[in-house]
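Just below sit the structures, each encoded as C-alpha cells.
Shared between the two complexes below is chain A, which pairs with chain B and chain C, respectively.
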Partner chain A sequence: MASSGNKNINAKLVLLGDVATGKSSLVLRFVKGQFVEFQESTIGAAFFSQTVAVNDATVKFEIWDTAGQERYHSLAPMYYRGAAAAIIVYDITNQASFDRAKKWVQELQAQGNPNMVMALAGNKSDLLDARKVAAEEAQTYAQENGLFFMETSAKTATNVNDVFYEIAKRLPRLQQAPNPSGMVLVDRPADRATGASCCS
Partner chain B sequence: MTSDSNSSSSDSSSGRDDRNPDSGSEPDPNPESIDQSLDAIENQLASISMASRSPTATLDDDEEEEEDQSAEQLTIGNGSVEEEIGVAGAIDSIEDEHIVDNNNIRAELPGVIAESPSFEWKNISEGDEVERPLSPNSSGYAGERGSTSGGDDVNDDEEDTEIRVVENDGVSGSHEQWVSGKRYPDEDDASVSWRKRKKHFFILSHSGKPIYSRYGDEYKLAGFSATLQAIISFVENGGDRVKLVKAGKHQVIFLVKGPIYLVCISCTEEPYESLKGQLELLYGQMILILTKSVNRCFEKNPKFDMTSLLGGTEAVFSSLIHSFNWNPATFLHAYSCFPMAYATRQAAGAILQDVAGSGVLFSLLMCKHKVISLVGAQKASLHPDDLLILSNFIMSSESFRTSESFSPICLPRYNAMAFLYAYVHYFDIDTYLILLSTSPDAFFHLKDSRIRIETVLVNSNVLGEVQRSLVDGGLHIEDLLMDPGSRAGANSSHLGQPRPAADSSGRITDGFVGIGGPAGLWHFIYKSNYLDQYVSSEFSSPINSLRQQKRLYRAYQRLYASMHDNGTGPHKTQFRRDENYVLLCWVTQDFELYAAFDPLADKALAIKICNRVCQWVKDVENEIFLLGASPFSW
Partner chain C sequence: MYGGGSSGTQSKRDMAIEYQAQIPILRPSIHARRANMTVKFQDLYGFTVEGNVDDVNVLNDVREKVREQGKVWWELECSKGPNWYLEDSHVFSSFMNGITLKRLIRKGIPPNLRPTVWFSLSGAAKKKSTVPDSYYRDLTSAVEDKITPATKQIDHDLPRTFPGHSWLDTPEGHAALRRVLVGYSFRDSDVGYCQGLNYVAALLLLVMKTEEDAFWMLAVLLENVLVNDCYTSNLSGCHVEQRVFKDLLTKKCPRIAAHLEAMDFDVSLVCTEWFLCLYSKSLPSETTMRIWDVLFYEGAKVLFNVALAVFKMNEEELLRAHHVGDVINVIQRTTHHLFDPDELLTVAFEKLGFMITTNISKQRKKQEPAVMAELDQRVRRLNSLNGDDKQ
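And now, the complex of A and B:
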C-alpha cells in the first residue's frame, strides 16, 4: 500500500509472471540500467529499491522481483500482500506465459489489495519475428480487467521506465491513514505462512 | 547393464565381480590404481587425442576430463601404460619415474604455455561451450594437466597459469574454474557418450518418473528411470531392500527415501559408504529446496511429475555433485572455518550474537564455503551437512549475487517439514551473510539487521581482513618447517600475517620437497570431533595439479571409510604406503588426522611429523577454528 508524506510515497511493487519472461531483466534495466543476455533464474525473490520523480511527488519503489518457478507459486502471497502495485509479465513469444499471466491477474483480483495498480507487460518486444501473442489481444484483455498494458523490451530498454513511471502516476495520492511504520508487511494473520511448504 | 548385473541385497559383497559387460570396448580405466607416471603418458597423449577430438567433446568438466578422457587415452596408449605399471610395482623405481616425468613435462612446456589463455572460454556460459568448436590447441584441460608432476620448471609454469586464471575470472581456487549447470543435456541412455560417463546420479519417483539426472535429458531418460524403479520394486516385493548392485567395474547404489528413489551408478571405485553418503546429501539438497512435505504430492497423485518443481536448480545439484570430488566436508560431516585472527573473528561473532537475540534463528557469515562466524539462537543447532547444502545452494545460484534476496529454504536436519526464510546478502564477491528466520514476514527486520552487521564489519575491518587472508591463503605445510622452539615464543606461526611477496613465490619452488626433508609431509586434514570442524592444509606443490588433488581426495575418502567401517571395527591408526604416497591416519576421541607423505617417507618420522601437526593445530586453533559458540549437534 502506498503511504505518502510530504509528497514522498513509498510503494511496494511486485513482479509476477512465468519462468523466463524477463522479470529480473526488467527490474535490472529499471534499477541499474543493465541487461545481460543470460539472466540466471531468481531464487525466492530479490529485493530492489528505486526512486522516481513524477509531477507532484517522489515515489520510492520497493520492488519484489519474484521467482517464476512453479515451486514458489504458493509463496507468492508473501510478496504481493500489501503491494501497492504489480507488474504481471509475459513473454510475447510464448503463449503459455500469457495464459499464466492471466492466472496471476485472477489471483491478484481475488486475493490482492483491491486498490492495487496493475500493469500487464508483454516483454521481449524486440523479438517481433517470434511473436506468438498479439498486442491487440493483450490490450483487450488488459482493458477488460482494469490493467494498463505496455509491450516492453528489457534488452533494448523500450518502455521499461515508462511502465514504472505510469505506475507512479497512477498510485493513489491521498492515504486516509498513512501507516506510521511505513511498512505493511506485518499486518497479516501470522497463521497462514508458518509451516508453509512448497505444496501445501 | 542391468541384464548382466549381479544383484545383491546387501552391501557386504566385497568380492569383486569380474564379469565386465564392457570389457570388449574398454581397458580398465581406473586412474587411481595406476602410477603417477600415467600423468606423463597422458601429457604425451594429450596432443594426439586432442587432434582427433570431435568438436562436441567438451573437456571443461574436470571430472569428465579425468574420468572419461583417461579411459580414452588409455586405449591409445595401452601398451606403454602397462609397461609403466609393471615398473611402478617397485617403490625403488619411483625416483627414476620422477625424472622421466620431468623430462616429459619439459618437452610439453611450450604447448602448456600456448594453451593457458584457453582458460578464458571456460567462463563462458554452457550453451556457448557446447556449440563452440574446439580447435586442437584450445582444450584448457591440457593446460591444467600439463603440469601434473612435480618439477621446478613445471611448478613455475603452473603458477603462471594460476595467475592468468585469477585475472580472467577473479577466483583462485582450482575447483572454481568449473562451470556449473546441466552438462550434455542432449544425451540419453542410447548415447555412447552418456554410457561412458563415470558417475551418474539419478533421482526418480516411486512410480519410475525421472526427477533429476546428472547427465542427459530427464524426459528422454524415462525408460531408463523405469528400469531402475523396476529393480527397486522387484527386490522390495520380495520383502527385501536393494542397496548395491555390482556389475563388473560398475557399482549401482540405491537409496530409498519414501516416494523418492536415488541412484548412483559409478565406476570410480569409491567405497559404498561414501557413495551412499553422497546420495544422502543429494536428497538433503532436494529437501532444502522443497521440504519433505513434497511427499504429500505423491500421496495425492502417485504419478506426480516432480521435475517442474525443481526447475532452475540444475546448477545447485551439479555443483553439489562436483563438490563430492573436492570438498572433504562431504564425507567428514564437519565444516571448515575461514582462517583469521582471533580478535577479528570475535568482532564478527559479537555482532552476529547481537542480532541473534532479536529473532534471528541462525546468522552465518561465510567466505565461499568456509565459515567466518556463525551464531544460533538458544537451543537451535545446525548440522554440518545442512551447512554444506545451504552454502552450496547459495553459492551455486547466481541470482543471490545480484541483489539482496529473501528465499524459503529448508534445513533437513533442523526441520525437514517446514521452510525457514533466508535473507542472503553478498558483501563482496566472496563474502556473504545468511540470516535465517522462521517468519515469512521477517524480511525488513533481517535487512535492518544486515545493515547493523555491515556497519560493524566495515568499522572493524573484518571484510578487509577476509580479503587479505584470501590472498595469503590458508594453512601452508611450509609454515610447519619453522623450528618448534621459535614458534612458541614469537607469533610467527600465526595465520593472517602478511607474508613478504618473495616468501610466497619462493615457497612454490622450495616447498616441493615437502616438510621434514625429501620424504616429508605433503598434505593433511585435521578434524576436531568436539567442534565438528576440520582444517585442511593447502596442497603443497608435489600435488598441485587438479588430477593429483582429486586422487588424494579419493584416497582420503577411502581411508575415512576404512577407519569408520563398522564391520572391521573402529581403528585407531593406519599407515598405508603405495606408489603415490604414504597415508597416515590417526583417530582419537578428540580428533581425526589424515596426512599424506612422500611415498618414500619413513614411518617413524611420519609419526613424529603428525605429532608436530597436532601440536601446531593446537597452537593456532583459535585462528583456524570457531571456538566457544558451538551451535552444532547431531
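And now, the complex of A and C:
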C-alpha cells in the first residue's frame, strides 16, 4: 500500500517431491487457477512465473516444477541451485511419498542455500478417506526441521495460494523480523544489485 | 488404429492418392482471419494445435513443400525401383544414393513413406529380423499380467501422455502404448521405464503402421541411435549429452553462451526435456517428425544441431534477455510456433558449420568420467546424510 517502500524481487522457487504427488497441479493451480485430472508428466522440469504482492513488495516467483521419477533426481541440483525457496510435496495418501519428502529436506539442508525458505506441502488433502500420513506427524516433522507445513489440495484449491504467499512473506529480504506482527520496519539497506533492475 | 490386420499391399498409386488426401489445406475461419485470433486445428498426427493465422499460413506452405517432396520421392522410386534407399540393394550406386538420400531426408520424408523408410534406415528392420517372427507377440503376452515398479509407473503415465489426443487418449491408445512400454521394460531391465519414453513411444505409434513396428523403432532408438544410458538409473548418458552440448554452444554460438553464463543460466534447464523426449513435447508434431527423419538416418548428434539452431535463430532476442524467465519465454515462444521445419533444419545443418560425428564421440568420451564422478559424489553425500540420520 505504501508506495514508498515498493520493492520488486525475483525469487527462484523449486518444487520437489515423489512422482505423482501433484507438483505440477499445484503450480498450475497457483499460476493459472486451473486443475486437470490428468496432468502431462513432467520431464526434466517445467518453468512458470507468477507474481504475488506482499506487504510493501512484489515477489516474482520463477518456479521450477521438477520431474518426480527417482532417476530424475540426479538432475535436481541444477534446479535447486540458487533457489530462494522450495516446496517439498508429498501425497497425504501415500506414506512412501512422505518418506521421500524427508530425503529432499535433508538434501536441501545439506546442499541448498542456508537461507532457503522451505515449505512442506501435504497435497491431495481432498482425499481424506485415503489418508495415510497424519497431519500431526508432518507438522511435527516440519517444526523440527525448520519448515512450515500446510496440507493443500490442487483440486479444490485449498491452501495453494497460501503456500506461495507464505513463502513470499518469509523470504529473507521481506522479513520484518524479529516481530512479524508488530511495527513495520522497512528493511532495505541491502538492496542487492539483482533487485535493482528497472526494466523487464 | 491397430485393430484391423490391414496388410501393406496397397499399390503405390493408391498410396500416392491416399497421401494427397491426407494433408488438408487448413482454412481458418473468416473471423479468425479478420481478428488475427488464435486458431485451433488438428495436425497431421491428430494433435490439437493452437496457432495464429500466420502459423496456419506457414503450415500450409510447409505442406505444399511436403507434397513437392512426395513427388520427388515418387519419381526416384519409379526410376530406381522401390527401396532404392536401402544401400545394400544397389551396391554400385550406393555412394551416390547416400548423398542424394541425406539431402532428401533433410528435406523431409513424405508422411506416407515415413514408416517404411524409418524402419529400414534406422536398423529396426534388421534388428527385428534377428529374432523369431513371434518375438513381440510372445513378449507382450508373457508380461501382460506382471507387475513391476516400471509397469506401475507406466500405468500411471498412460492417461498423462498427450492427454486429449484423439487416439492416444482412448482405451485403445492406452492399451497399445502400454504394451509397447511394458514390453520394452522387460526387454531391457536396465532401462525399464523412464518417464519421457512415453511421449517418444506415443509418437512412434502414431507414425508406424503397426504397434510391433513402433516397438522395434523404440528398441533401435535406445539401443543403437541414441547414446547409451540416456534413460537408465541416473540418466548418466543424458548428463554427458548436456555437457557436450554446452561445449558446442560455446563453440558455435559464443555470444549466446557467454551471455547466458553471465546470467547464470544453465542451458540444461531447457535442453534436458528436448534430449529426453526428442523434442516431442516441445515442438509441433510435424516439425518433430522432420527432426526424427534426420535423427534415424544421421544419429544422435542431430539433437545437438537442432538445439543449437533454436538458440541461433533467437540470438538477438536472447542477447537482450536479462532474466531467466525472459530466456525461457523466448525459447518457448519459438518452439511452440515452430511450424516451419525447413527454416529450423536449414539453420541446424547449414548455418552452424561442420559438426563431425567423430569429434562429438570424442567429446562424449572426454566428459564421461567427470559425469560419473559428479553423480557418484552426490550419491555418497546423500548416503552419508542418511547415515547421520540413523545415529
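The rule is simple: the second predicted complex is superposed on the first by the 167 of 200 C-alpha atoms of A that agree within 3 Å, B and C clash if a C-alpha of one lies under 4 Å from a C-alpha of the other, contacts with A are read in each partner's own complex, and residues count from 1 in each chain.
Definition applied: a contact is a pair of C-beta atoms (placed from the backbone, for glycine too) under 8 Å apart; a residue touches a chain by one contact, two chains touch by 3 or more.
Just so it is clear, the model here is predicted, and its values are computed rather than measured.
Touch test for A:Q106: chain B only (first), chain C only (second), both, or neither?
second
Thinking of the overlay built on chain A, is A:N10 touched by chain B (first), by chain C (second), by both, or by neither?
Second partner only.
Check the residue A:A157 against both partner chains and state whether it touches chain B (first), chain C (second), both, or neither.
It touches nothing on chain B or chain C.
Using the superposition on chain A described above, determine whether A:L28 touches chain B (first), chain C (second), both, or neither.
first
Check whether A:L127 is in contact with chain B, with chain C, with both or with neither, and answer first, second, both or neither.
Once the two structures are laid over each other on A, A:L127 reaches no partner at all.
Based on the superposed arrangement, let me know which partner A:A45 touches: chain B (first), chain C (second), both, or neither?
both
Considering only the touch criterion stated at the top, classify A:R71 as touching first (chain B), second (chain C), both, or neither.
In the superposed model, A:R71 contacts both chain B and chain C.
Would you check which partner chain A:A135 touches, where first means chain B only, second means chain C only, and both and neither mean what they say?
In the superposition, A:A135 contacts neither chain B nor chain C.
State which residues of chain A lie in both footprints, the one left by chain B and the one left by chain C.
In chain A, positions 19, 38, 40-45, 47, 67, 69, 71-72, 75, 78, 197, 199-200 sit in both the chain B and chain C interfaces.
Can you check the complex and tell me which residues of chain A touch chain B?
Contact set of chain A toward chain B: 19, 24, 28, 38, 40-48, 65, 67, 69-72, 75, 78, 183, 185-186, 188, 190, 193-200.
Show which residues of chain B lie in contact with chain A when the two form their complex.
125, 127, 289-291, 293-294, 296-297, 308-312, 315, 393, 397-400, 402-408, 410, 417-419, 422, 438-441, 443-444, 447
Where on chain A is chain C touching in the complex?
Chain A reaches chain C through residues 10, 12, 19-20, 36-45, 47, 49, 60, 62, 64, 67, 69, 71-72, 74-75, 77-79, 81-82, 103, 106-107, 110-111, 197, 199-200.
Hey, which residues of chain C end up touching chain A in the complex?
The contact residues of chain C facing chain A are 153, 156-157, 159-163, 194-196, 198-199, 231-236, 238-239, 264, 266, 268-269, 272-273, 276-277, 281, 322-326, 328, 332, 375, 378, 381-382, 385-386, 389.
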